[in-house]
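What follows is a pair of complexes built around chain A, which joins chain B in one and chain C in the other.
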Partner chain A sequence: MAYLSISKVTKQFGDTVVVDNFNLDIEKGEFVSFLGPSGCGKTTTLRMVAGFELPTSGQIFLDGVDITDKSPNQRNVGMIFQSYALFPNMTVEQNIGFGLTVRKLEKDVIKQRVDEMVRLIHLEKHAHKYPYQLSGGQQQRVSLARALANRPQVLLLDEPLSALDAKIRVSLRSEIRAIQKSLGITAIFVTHDQEEALSISDRIVVMNVGEMEQVGTPFEIYNFPKTRFVANFVGSLNTAEAQVLDPANGLLTMDGIQLQTHEGIIGKKKGDKVTFAIRPERFSFVAEGKKENLLEGTVINITFLGSVVRIQMQIGNSTFNMDTFNRPSLELPKIGEKCQVTCSTKAVLILEG
Partner chain B sequence: MKFLYRLRNFPFWSWLWFIIGALYFILPLLATFEFSLSWDPAIPWKAYQRAFEDNDFWETFIYSNVLAVATIFFSVLLVVPTAYWIRLRLPQARRIVEFITLMPFVVPAIILVFGLIRIYSSPFTIPFTDIQLMQPLTNFKMGTNILIVAGYTVLAMPYMYRSVDTGMRTVDIATLTEAAQSLGASWYVIITKIILPNIRSALLSGALLTFAIVVGEVTLASFLGVDAFGPYLFLLGQHRAYEPAALSFVSFLLTWFAMGMIQMVTGGQGQAQGAH
Partner chain C sequence: MAQTAITPQGKIYPPTNWKTWLGVAPFFIFAILFLFLPSLRLFTASFTDPEGNFTLNNIIQLFSEKYIVDAYKLSIQISAVTALGGGILGFLLAYSVTVGGLPKSLRSILITFSGVASNFAGVPLAFAFVATIGRQGFMTHILRDYFGMDIYEAGFNLYSFAGLSLVYMYFQFPLMVLIMAPALDGLKKEWREAAENLGASTAQYWLKVAMPVLLPSILGAMILLFGNAFGAYATAYALTGGRIGVVTIQIGAQIRGDVLYNPGLGYAMAIGMVVIMAISLAGYSWLQAKTERWLK
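And then the complex of A and B:
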């Protein structure tokens, strides 16, 4: 059995199913992110692991022990909240030591562990300050130290970076990941920010309307989205409909333009409609001699996005975006001009849902 | 130039209304104080001397203070867990509870005390039998004390509940509770170590208001026949002129002293809560 096992968990509020038949096994030391839009059930699932919500059905096992019905203070899990949730009446040291005091550890042990945690989060100079005297980033680091001081079996992070500004967010997420790796602690991270999830996780669970859409490594989720939702939610994507020409050889046609996929199309027959997707960065201008997946279109718009230039084109009846690196030697077509672009067979993804 | 600039930006109307308001409160107080000193021009503090020399003053004052402390204790015991639970788990019950806590504004104290006397002046019996469990509460001293503290708890409820509820609104009670729970804290630890310290100033405000109500209350004390400070002041006012003025002024000073203490005790708390 996996270290943390969420088995067939469903949560209903009244008639509304918020989490539907959620199954997930997490190994010890793994960093898993729940990614999805607001209301997809990711926080509810996390709160069920923490014990703040009870599942309507299903079970949760931690290190082989059924913790489904245990109250939050009987589960050895650490929780980090979006709003930091530091105790305003306590200093940084007292906040970090709170869980240890509750467990009635000896004073020397508490002092030693608090000092260790304060060093871990690099707030030695702020140990005697109250939360209101700290910045948002510092408060969240204290919150992390407070959760880790108890040496929890699982660390739960509920959108911990959402209330911080962009720069702090990036540096703190690296810090969280580094600490998690160094301590080898199992962590679940809830976020709606795909960049955050992709950069920090061992695995990502993409959720939508209470269901798991796809589970995989960041590489798999980004490069091989299985459903239209995952494809659209993670990164930007061009999607369009096409007809299957030759399922065995993975040949499609869209408005008379032929497209070749890398593998055969399973479960479809000639004439069936499918939805395919191509990431904007997988397009390139046509090199000489290239014949595969050759698409001709009209340039509709060109947008500079700093390091990237986005070219919007009309190809057949669909609109496609192409991203290319912005470099001084880049020769761009003009709006209204015709241009030819191409992509590899691996770039053409057939979506399930 | 600087002077003219300052003059132009001087908030004249704000200051005018502030001064009018302040005079409205300060003038009667000054008049009372001056009157209390005018008994005997040779001994200006005579009214104060006489009032403090009276044994009845000290007995009733101490008794009312004890009642006030007991009322505050039971009010906190009743209101804090109620307000906490409503914020945490039963937000849908807030309107009902608010309505109940406002009842003392609608139902006068005289009705409350007649209700108490009507119900608790009969002995407690086992229903449908004549077996008596306890004699009527109004028949013995401790029973009357219980009744009056219960009555005062009801009268103080609008003030205590509002103070505590407002205090809880300023801190994110739900998240703090969850944070404490995830760190292994029990309900007792959460309430004593997290909730109460973070609503300290609200509790003190509620306690001060409760204290002020109980110490000066006349109706309940008179009808339940207890020798409290309120009826004593009332009687004194009917028979004497200068001592009531002196005691009124002292009461004001005591209230201000208590408010000053609250400010001192809760000095940094407002900041701490505000930053959360």
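And then the complex of A and C:
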């Protein structure tokens, strides 16, 4: 059995199903993200693992022990809140030592562990300060140290970076990941930010209104989204409808334009409607000798996004975005002009549902 | 040309312009007329004898006259008792409608009631109590006639220290409710959850987090209650007709002069009160500032 196992967990508030048949096995030392829009049940799932909510049905096992009904202070699970939730009447040291103090550990053990944690989060100079004297990023690091001081079996982080500035957000997330790796601690990280999830996770669970849409590594989630929801939520995918022309050879037609996929289309017959997706960066301007997936479009708009230029164009009756690197030698078409673009057969993804 | 870069606002309203002060002038005039000048008068008058000569007698009497020292003692006792009693009752009520999770509707009823009752003092309040549990009050009658309980036989007396304390409580606990409800709202749900998550029991959470966070507010509020009772005059006068000699009543007697008459002494006693009130308020703001800093 996996280290942390969330098994057939459902949560209802009144008649509303907020988490529906959630199944997930997490290995020891793994860093898993729950990614989804606001209100999809991420926090609720996390709170069930922490013991703040009781599942309506289903079970949660931690290291082989059924912890479903254990009260929060009986489980050894560390929780990090978006709002830091530091105790305002205690210094950094006292906050970090709180869990050890209430568990009545020996004074010198507490002192030693607190010092170790203060060093871990590089706040030696601020150890005697109160939370109101610290910046948001520092406060969240204290909160991390406070949770880790208890040596929890699992670390739960509920949008820990959402309240911080963009720069701190990026640096603190690598710090969290580095600490998690060095301690080998199992972690669940909740976020609605796809970039955050992609950059730090071993595995991502994409959630949508209480259901798991897809579970996979960042590479799988980004490159091979299974559903339209995942495709739209992770990165900025182009999606459109097409008709199956030849399922065995993976041939589609969209508004009279032929598209070739890399593999055959399973479970569809000629004439069926399918949704497909192409990432903006998979498009390129047509090179000589290219035969498949030649698409002619009209340029609608061009946007500079720093290192990338996004070209919006109309192909058939749909709008597509194409991203290309912003090189000085780049020759761009003009708005209203026609241009020919292409993509590899592997770039055309067929989505379920 | 650098000077022309001054903003238009800067040109029209330079910060030192007298017009800037015009808006707050009514406040300062009011403060001078009704706070500063009377205080000055109080101060000078307490060093003046009835003939208008300088004297230290009034101040000396404050500490040597037994009935004056007793008046202060009594005022301090009644203020302390009602601050503590009203404070505890008010805290428990505020707790039950905030953290305690009673229905929202009950909360707004209690807050509205408290807003009214905390200002309900003086003659109407004294009369309400007389009509309810005075010797001929209707509750006194109901208890005696239907329940066989004669509270006056049992030793209760509305016109005593205990009775006056009871009446004071009626405006004391609502004030506590009004101060503590927002403070209790300030306890974040996440603190409780973080404490639990770190292994603390409910008792440990209250002992180590909630109480220390609330303590300055509680103490501060009780100081305010103390001052509130210390300054009350009309309620005590209307209820006991001056038989219970709290400081305010003694001051009244000195200044009005039915039996005693020495305005200078009355003013000196008032100065004594001002000092006690000032200490209370300073304590209150110090504690309040401490909590606000934490909860920022």
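Throughout what follows, the second predicted complex is superposed on the first by the 353 of 353 C-alpha atoms of A that agree within 3 Å, B and C clash if a C-alpha of one lies under 4 Å from a C-alpha of the other, contacts with A are read in each partner's own complex, and residues count from 1 in each chain.
In the analysis below, contacts are C-beta pairs under 8 Å (C-beta built on N, C-alpha and C of every residue); 3 or more make two chains touch, one makes a residue touch a chain.
Predicted model only: the values in this text are computed from it and were never measured.
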> With chain A superposed, do chain B and chain C clash or fit?
Replying inline: clash
>> Quick one: is A:P72 in contact with chain B, with chain C, with both, or with neither? Answer first, second, both or neither.
In response: both
> Touching A:G336 in the superposition: chain B (first), chain C (second), both, neither?
Replying inline: neither
> So, A:R103: does it touch chain B (first), chain C (second), both, or neither?
Replying inline: both
>> Per the contact definition in the header, classify A:F52: touching chain B only (first), chain C only (second), both, or neither.
In response: both
> Shared contact residues on chain A for chain B and chain C?
Replying inline: 50, 52, 71-73, 77-79, 81, 83, 85-89, 98-99, 102-103, 130, 132, 146-147, 150
> Residues of chain C touching chain A in their complex?
Replying inline: 188, 190-191, 193-201, 204, 208-209, 212-213, 293-296
>> Quick check: in the complex, which residue numbers of chain B touch chain A?
In response: 171-172, 175-176, 178-186, 189, 193-194, 197-198, 200, 268-269, 271-276
> What part of chain A is in contact with chain C in the complex they form?
Replying inline: 50, 52, 71-73, 76-79, 81, 83, 85-89, 98-99, 101-103, 130, 132, 143, 146-147, 150
> Any idea which chain A residues touch chain B in the complex?
Replying inline: 50-52, 71-73, 77-79, 81, 83-89, 98-99, 102-103, 130-133, 146-147, 150, 156
